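Heads up, the next two complexes both have chain A, just with different partners, chain B and then chain C.
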Partner chain A sequence: MTAKTGWIDRRSLLAGASATIAAPAIVRAQGKSLKIALMLPRSGFFAQAGQSCYRGALATPKVLSDLGYNVEIVHIDTESSNDVSRTQAEKAINDGAQCVIGAFESGNTIAIAQVCEQRKVPLICNIASAPQLTGQGYQYLVRNFMTGPGLVTNGLKLIGEVSKAANLDLKTAVFMHSNDTFGTAQSQAMGKIFPTLNMPFKIVESIAYDPKAQDLSVEVTKVRGINPDLLMIVTRAGDAIKLTRDMVRQKLQPKAIMSPGSPGLYDEEFFKAVGPYADGFIYNLPWFNVKSQMTQALEASFKKTNPNHRFDLDGFNAGFTFEALLVAADAFKRAGSGDGETLMKAIKATNIKDHVMIGGPIMFNEKGDNPNIGSASVQNIGQKPTVVYPADVAVAKPILPFPAWQGRK
Partner chain B sequence: MKGALSFLTPRSTIALLVCGVALLIAPFVVDRYTLSIILLALLGTYLGQAWNILMGYCGLLSLGHALYLGLGAYASAILFVNYGVGPWLSVFVAMALAIGAAAVLGWLGFRFRIEDVYFSLLTIAFAEIVRIGFDNWSFVGGAAGFFLPVNASLSHQWWNLRGGPLFFYYLALAMAVASLVIAAVLRSSKLGYAFLAIREDPQAARALGVNINRTRFLALFISAAMTAVGGVYLAFWTNNLFPAQILETSKSIEIILAPIIGGLGTLMGPFVGAFLLVPLGSALTDGLRAIGLSAPGVKALVYGLILMAIIAATPNGIWPWLARKLGLEAREP
Partner chain C sequence: MSFSLYVEVLIQGVLSGLVYGLMALGLSVIFGVVRVVNFAHGEFAVLAMYCAFVLFGLAGVDPIIASIPLAIAFFVLGYAMQRGMVQPFVTRPQHEQFILLVGVALVITNGLLLVFGPESKHVDLPYSFDSYTVAGVLIDKVRVYGAAAALAVTAALFAFFRFTSTGTAIRASADNLTGAAVVGLDVKRLYAISFGLGLACVGAAGSIMMALTDMTPMLAPSLTLLAFTIVIVGGLGSMTGALAGGLLIGVAEAVASLVVSPAIKSMVSFGLLVLVLALRPQGLFGKAES
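And then the complex of A and B:
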């Protein structure tokens, strides 16, 4: 005789219960969400970039949800401070964060990394370029971003490649950079890397300038006197505006103006301030892949969550922040657990082929770096950052030599 | 030492003991987040006390103490990473370097009678020169920073300051207590009275036979050396150094806030100031998040308003007012 419990018999009920109990954690995890502390410098010195990353994070849940991932994001402002980063990481983990993502700046990220290491909670770095971040033996840290020297190396190589693709013969270059922390670091990396790359042009002059100066007319006059084929610049938005205005005023017209990797030339304030004169600049950076379906989904979500902002200007920060969240969500789904050790193992085994930024699959090497991140040459065309090289991700051809200043509307 | 403790009334002795015991057992009572806040407050106490010796006691306003902090931090970190010299030894090199820098600054300032606000400008200029120099000096990592290894195999080498949070907490506590003792001993010493005399009226002090330049140099050296020790702690605690962070003028301002809010020239001022400001910052962060206000920058605004209100309500700092209220002020010189 078989005992029946409504429409289900006892044997089926027992089998079902056993299966539920014995089912791998992965099945049970489907209904749960991963609690992620997203730590960004939304105020303080790095606020502009932190806010840009934040806007990307606002657009993320919809895309992840459509992909079948379930995450709960807690937004934390690091105030661009190491001390705040450290204490807030402690608080986030106390409050149940199972994974931490951040923190745009290397010093802040290291402060958080130490807490995560002690508490055995994975930290996924969205953006931070200090090479030493991943070279110090942290077990609970991975970085889905390039190192500073990697950025410069790729940036320089692309200058050679894009000019060759455009049949542009470059023999001489002047390197102009701001003398703030970022510009100086880039200049130091340039000094080490440039001689090793056998570039087709030589740097005839290196000019450091104060980004807070009223204007850059003296520096531009100096460049004009040298008359190089290529002007390489490392700027932020404020000095990029001053530099452009002085170049237009003095009609400085090299064959190409390119940045081996710096912000400024694709910032909203730059486009607003110089309008049509923003066109023509090329910058070589890791960039979002416009042709990727996931990028298109992120852009659509971004437009809804941030109607007053342009995705093409936020895409760099937003894309990397999205990808860090994607890595966490994907690892959680595979691990079926938010336990630090299990989750970290899953993060290290990441292999995501379809994603937002240009490059190969997202995966991490022994140090915890993603070696597959690619860079692209992006040119301002029609006041819009446009990928012009390499061909497989480009949506337009590079406009070279640099278009004349005169007659722009 | 007995004279140094003469400021203690029975009531203030009990208050100090209660604070001491509370800080000793804190790691076993509070969570890690709270402990990290207390640690920052202890560090603020120590650095504030170091600065207070120069400004609060001797009347020399330094707005460039980040210089000594940075020199101490970089010296110990470089000696450890590049030459294998442990921090217990390199701390003396750090102090010597800071004293050397202070000697140059003091020579310029005192020899050429650069007084008051101009002396303050000189301190800023020195700190800025060193910051820019370090930004461009590849030996110290330049603007890209200098990093100490965070290797799991080193994590138990407490003698190399490679311990965990508990170790750094008790070290910060020991440093804060030591700074209090140093300040107390100084205040009750002949040198301490010379500091106070110069602060109140340099000409009168000179007339009384106080060698003003020598005394000011001593105050500067003590303050610089103590701050450099704080730099050694910071280097090994944070494991990364960037000129833009540790040598910045904002770091100097951060150091001086606690003693100014707590009470300039008082023994307990830096302690009270640090234990008010650090938790206040964290409480504002948590409070704003708890009420769902996601507007970065609001915290800085509210924080600034509170500081203005405190300064308006207690122009001499919180400690003199608090001491009066609690009946602890009796023997505070």
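And then the complex of A and C:
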């Protein structure tokens, strides 16, 4: 038997010190709720979209709580900046975030991914389409969103299908796209994918424009000179507004105006600016399934948390942000731990059959992408985004040919 | 492509160019007389846009009509600003003037962000989506009204400089500052009036632009750049040059967009700028320094 001469021997001191150093990690791993840093561009260039995702996040806790999940969400603004994204991710992890979700824009997301990889904290990408995000071998990253080429492929296929369903004969098309990073990437994907899809129409002209231009009148005049059956557009809200104004003024009236996969046409800002002229546009995107019970629960919560918002649910931004939070919560429940490695294993093993967005179960392939995300054709009808195709998720039939501009009120 | 489309684009270029020209005129007037380059020019234009937006929201005043009271308000603002802030910097090195006006620009942009947020704003005018059809050529109503207003303000400014004694005195100060001081002209007052007139042009142009386009606080740097391009092409300090530069840039951008590609719009403006700087550094209507 060894007599203790003081209160602390060398071993106890060492054990105590080790426990103190390890404490944050242990606390992190054993908490009853998962601490999630939700990083969104709520100010800066992508503020509109970031705010839209944020509205979805506000509606999420109630739905997750009803499903038996327990999460703590810390809201962080990336200011649409890669540098801010990186430093805020560091700070969030230092403050105890066990999982990071974000960040709408590919560049911001890549900056966060580097930090998460280094710190071994899972990053679930809610929205960002750059293919390289999941092509660089990150071990702590999954993406519940489509890649740019995936968006274009699905978008083009749906253009063919929806026009066939509406008996619309399209022979010629003009492709207009902004010349920013997103628009150029979509254009490149279009150049590669379009020839492989055997579409019923041919692209007679591709027009790149500056989305920050004062107006797009000359661009529209150019399209009028070509007079195509179909106008395909890749826009954001600001340029979609300018484009619509100039199309109405110049009475440009193709048989259909469709987007093969881009934001802008469903944004509240677009509806506010052009009012009844927003109707008729079709955009082919991943969209929430209005027939899903979980979507209905999210809509109910969304109305309570965003009482002044015009829509039941805020485009796909809210849906994908909710789903990213759902993936994290579900993985935490299965893993029983917020430890980075354990949680990441659980995230990779995700298989959620009932969810919000159109498509099969949420699961991730070896690269970290969800291969089951589906797209739908959404048309603005009565100044509201309305799913019109495919039939199993549609709530209305597509209105084609494109309704006349004149006489709208 | 039919001939009428080319005519349409040409007309659109002229109409846009007139508004651009008015905005650039303000920059040219200030530099031509006070010899201070207003690096906050675009920010003042955006400030005027927000003022027009507020006037429209509160009292339903059409931004094109609002260009008149806003021109007066911005004249007063410019006069006071020159007297209280810019005057001590007139004789200081150019980098100090630059820092002062960049500071003003930052304050305006961040103030607008603070008050109005980053979202873009617009006004819904009853004729926003209307156009005239003249011999098969479509012309936007809002651009016609905007250009007419810009032309009226420009004409009034030219008349002021040509037919009033104050205008003549300002021109005299611009031509020969020492001579003007020797004959007893109150140069400081003339400087303040010139700065006021420069901002009046920006106030009117900004208000008119509110009818033509959406705006955010972040629009300002691109407007400053546009105004600089125009006045350098036209000749820094030359009023005729500013107007001609505006028209030239407006038409060149429009025609290049149609004939080549819309994506090269900016390249055409800057190409013109480089060409003018290489061949005629003083600008098309500027005076060569002796």
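The criterion applied here is as follows: the second predicted complex is superposed on the first by the 374 of 409 C-alpha atoms of A that agree within 3 Å, B and C clash if a C-alpha of one lies under 4 Å from a C-alpha of the other, contacts with A are read in each partner's own complex, and residues count from 1 in each chain.
Just so we're on the same page, a residue touches a chain if its C-beta (ideal position, glycine included) is under 8 Å from a C-beta of that chain, and two chains touch if they have at least 3 such contacts.
Quick caveat, the model's predicted, so the values are computed rather than measured.
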{"item": "Combined model on chain A where chain B meets chain C, clash or fit", "value": "fit"}
{"item": "Touching partner for A:78 - first (chain B), second (chain C), both, neither", "value": "neither"}
{"item": "Chain B versus chain C as contact partner of A:163, first or second or both or neither", "value": "neither"}
{"item": "Contacts of A:114 with chain B and chain C, given as first, second, both or neither", "value": "first"}
{"item": "Contacts of A:207 with chain B and chain C, given as first, second, both or neither", "value": "second"}
{"item": "Partner chain in contact with A:47 - chain B first, chain C second, else both or neither", "value": "both"}
{"item": "Touched partner set for A:136, first chain B, second chain C, both or neither", "value": "first"}
{"item": "Partner chain(s) touched by A:94 [first = chain B, second = chain C, both, neither]", "value": "first"}
{"item": "Smallest distance from any CA atom of chain C to any CA atom of chain B, in Å, after fitting", "value": "6"}
{"item": "Contact residues common to both interfaces of chain A (with chain B and with chain C)", "value": "43, 47, 179"}
{"item": "Chain A-touching residues of chain C, taken from the complex the two chains share", "value": "1-2, 5, 8-9, 12, 16, 117-120, 122, 124, 128-131, 138, 140-141, 143, 209, 212-214, 218, 222, 253-254, 257-258, 261-263, 265-266"}
{"item": "Chain A-touching residues of chain B, taken from the complex the two chains share", "value": "31-33, 36-37, 40, 135-136, 138, 142-145, 147, 149-152, 164-165, 238-240, 242-245, 281-282, 285-286, 289, 294, 296-297, 299-300"}
{"item": "For the chain A and chain B complex, residues of the former touching the latter", "value": "42-43, 47, 50-51, 75-77, 79, 82-84, 86-88, 90-91, 93-94, 106-107, 110-111, 113-114, 117-119, 130, 132, 136-139, 148, 179-185, 188-189"}
{"item": "Footprint of chain C on chain A - complex, ascending", "value": "43-45, 47-48, 179, 207-210, 212-219, 221-222, 224-225, 237-238, 241-242, 245-246, 248-251, 269, 273, 275, 277, 405"}
